[in-house]
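Listed below are the structures to be examined.
In what follows, chain A forms one complex with chain B and a second complex with chain C.
Presenting the complex of A and B:
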């Protein structure tokens, strides 16, 4: 589970949540990371939109509640778009 | 040339290098790389990284603390890290307070609200058309023309009451977002045909908001409608984010808002350039004059010379609002002057430039010489050069200079200048508009000084006339500007806003005077301010500043002589004043001592000087003719 795409997602999460990358795993979620509150969640979504040049639908944002799920939503979005 | 060049590092490498430097305690270098990173990548993710690193470096850097409150009707949280990263880049350590969502009215009206408790330096009132004028935004098609008018009147009335209430409770600057137009008018193209269209109604509100701001000091308009239009109404919004998290704009536009806010913070905090120093070859014109010659360089109204023409127009616009232009170019002087004087495509003429360094000396040294010649600090210079190596050299040798990043394609040169926040101004005084001419006269005066034998003869030959007047409405802007911008001849360096000066002067015993100086070379304009305070039989000089334009020509003695007379007339026996040293006000250090004041008290901040008015006179130099005017109050 260390594809280049996953690493990009993790890198953004690392910046936005202000954590060293080693503390962020596929299972990390708002339940496991204290700094991941609703404001940081919004910042994370926006940072991903800027990075990947896309806009997420409300349903997608609802699903993006762990690093793993974020990764798969982004992956779908990129595949779907190209 | 061996440079601390990091231009080859990508964003990820820059981050790692920054963390390495921070671990080694190299704060200054780390902050340079943070600036470079921010210039490269303006995203939310990088902004968060930059803010967290600056928060650690903060104690080791010389940053200006500033407090900003945002009263808002929408989500601004994701914009804040972008704004703070941009502020750190500008040398400002910004603390941001956000009102509760849609609570701007309560925050303004309640004197005990967290807004006033926060004690902001500046407040942004960021509300949207759809929140403050929903009937005009959404239900416009339902309204008849009377209802449109009454809606507009209600909206302006709301703003008026917010502004008045705010002003009664806070001296902070207030920046008001004006109202944006909907992307598509409710009635389609019909809107353009009718007198009371939706667009017209919103424009009228905006015009009235502008008038409302102009009536007051320290209240300004942010043209939000133009901001949205500039970046494209169709691409500005993200309706999904609005509906789910009340964030109206798309992710790609967050930084446009942050940048627009920063354009206000620069002039408010004095992080502005007074002079822009430009290169010639491949900057003011295309090609190299020494090789391509007059006929070979690209400059004119057609492609490709038009890009350089456009840049000259942008520079001329700066000149018209009081920003000085100067040249720093590696060239043969004669070649360069030939083009400056005689090329048909030159929009800028030699007379537009306050200083020129056309030689083969390195640019860092030339920039220092230009600052000295113009009597300003190097931190007041901006530098414009197409050559990245020269820019890098200036960045590393004179880091105080603001280096403008030019794109590699000259098509973008003019825009890079127009979008640079260091040239932004919130007010334009008469002096600003005349500054270029004033410096021309200054050069003539220096030439005279070199030809006249004695110092007194030089003073006499200047034929100086000083006009001293109490504070007037017309002079308030300039007076506040002098107290906030003058660094060198400034005895106490107390910075005042227009609002603060108005309030001080309305208190008993406090007076504010300005001095205007004319000589045979021209009018220097309003160049000095004194604020005095009476207490019993003592008069204290709270503030005494003089623009560097007239330092060293005995005007300061003439001004002090007037202050002493004024104090005596009001019954004071003693005249006192503090000298509070800063890194820049050495020119004022000996002022009191050289006018026979004696030191009275010394604390960690400075020295209090005193003059016994009944014993020692302060006589006005015979070569300065002084006129005293009455004020308008």
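Presenting the complex of A and C:
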């Protein structure tokens, strides 16, 4: 998965989680990345909101439990407006 | 994972017990487990009360994955009465299973949506996850100043935990206690500040808060930028006569200047206070100009009862000055006040107004831990 949107999401995750992009894959999740705890999850959500100019609903936040899922939620959000 | 936030009702008790069991297995201390009764034992919502607690659960199907409490009450915000909520005891399965890392964010976002004028209190230090999350969400945070006055220095030096964390510190504290140098040093520090006692002030231990408390509240609340309602109804709910609260009415020439709620507790191997007898000024009310008189009255009262140490957390500048004038010393504080963005907007600019807010231990989840 290498769409421009996915790369933007991965870039944000890189910055927030302070990891090189090579360590972040579509399957990366809080269970596979040690530094991805609840605080970093919030920081990631807030960074995504700032980058894409939207606000995620609590129900959307629940779905954002891997990079792949985050990409899907962001894509859906952008397609349907925030 | 689809999480939904629901009110805690009786049918969820087994799921809450299972949640607590998973937390316990994951090493989470019992003090962070969620109540296993759906109706709060402290401040239940009943009888049309305007101060109450509600329990909420974060559910994934039939499983509890998180929970939190909202304590709702009236506040006077710049003199106008508004409903404000206190978000506390948030606990998420994310702390033992990272699959649920998003539950904490979900609960906080949901609570903020349900009650935008929200605050948190306590939390144990800025480095803990909740304060970090609140800061990330743009909340304003500051530590509630902590003050203490030592009445029996030898006991204090032998018992107070922060002074006794290393063998060297323990030796020095014991030496100061044994030789009396600790007594001299602490008294010099405290008396350097202590103001003279107002001999025209009278105090009366009261069982219930009467109409005088309503008059006092009406007279005082607009002096404070943000203060929880302390009328007689709320005070009688918060400090019932069947508990160990010591409620003092302070008067001068028959005029009620203020009131103060205290605790006198003999600690047993407490992690901070060892086995000291600790007096706590848990709650109080007076206009800012009478804060000093009320604090002095409380100090004398607790001193006469024989406590070793008096402690108080206060945010408003008139009350911190009052404590200093009564010979209290400032100590390190990990008791944090955090206000949500909408609440912070009402007290803007926060940085210059934070010492105009009226928060103390009594505004938290109950002064029972003092």
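We take it that the second predicted complex is superposed on the first by the 81 of 82 C-alpha atoms of A that agree within 3 Å, B and C clash if a C-alpha of one lies under 4 Å from a C-alpha of the other, contacts with A are read in each partner's own complex, and residues count from 1 in each chain.
Please note the rule applied: a residue touches a chain if its C-beta (ideal position, glycine included) is under 8 Å from a C-beta of that chain, and two chains touch if they have at least 3 such contacts.
All of these numbers come straight from a predicted model, not from anything done at the bench.
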Query raised in the report: chain A superposed: clash or fit between chain B and chain C?
Result: clash
Query raised in the report: Regarding the shared-chain residue A:3, is it in contact with chain B (first), chain C (second), both, or neither?
Result: neither
Query raised in the report: If you stack the two complexes on chain A, which partner ends up touching A:27: first (chain B), second (chain C), both, or neither?
Result: neither
Report task. Kindly classify A:64 by the partners it touches after superposition: chain B alone (first), chain C alone (second), both, or neither? Result -> second
Report task. Go through the superposed model and pick first if A:39 touches only chain B, second if only chain C, both, or neither. Result -> both
Query - chain B versus chain C as contact partner of A:76, first or second or both or neither - result: neither
Query raised in the report: Is A:16 in contact with chain B, with chain C, with both, or with neither (first, second, both, neither)?
Result: first
Report task. From the options 27-35, 135-143, 495-503 or 567-575, pick the one stretch of chain B whose C-alpha atoms clash with chain C. Result -> 135-143
Query raised in the report: Which chain A residues come up in both lists, the one for chain B and the one for chain C?
Result: 39, 42-43, 46, 57-58, 61
Query raised in the report: Which chain B residues qualify as touching chain A in the complex?
Result: 12, 43-46, 48-49, 52, 75, 77-78, 81, 238, 240, 243-245, 247, 250-252, 254
Requested in this report: Note which residues of chain C are touching chain A in the complex, please.
Outcome: 1-3, 5, 92, 94-95, 98-99, 101-106, 108-110, 113, 129, 132-133, 136-137
Query raised in the report: Along chain A, where are the residues that touch chain C in the complex?
Result: 29-31, 36-43, 45-46, 57-59, 61-65
Report task. Please name which positions on chain A make contact with chain B in the complex. Result -> 11-12, 15-16, 18, 39, 42-43, 46-47, 49-51, 55-58, 61
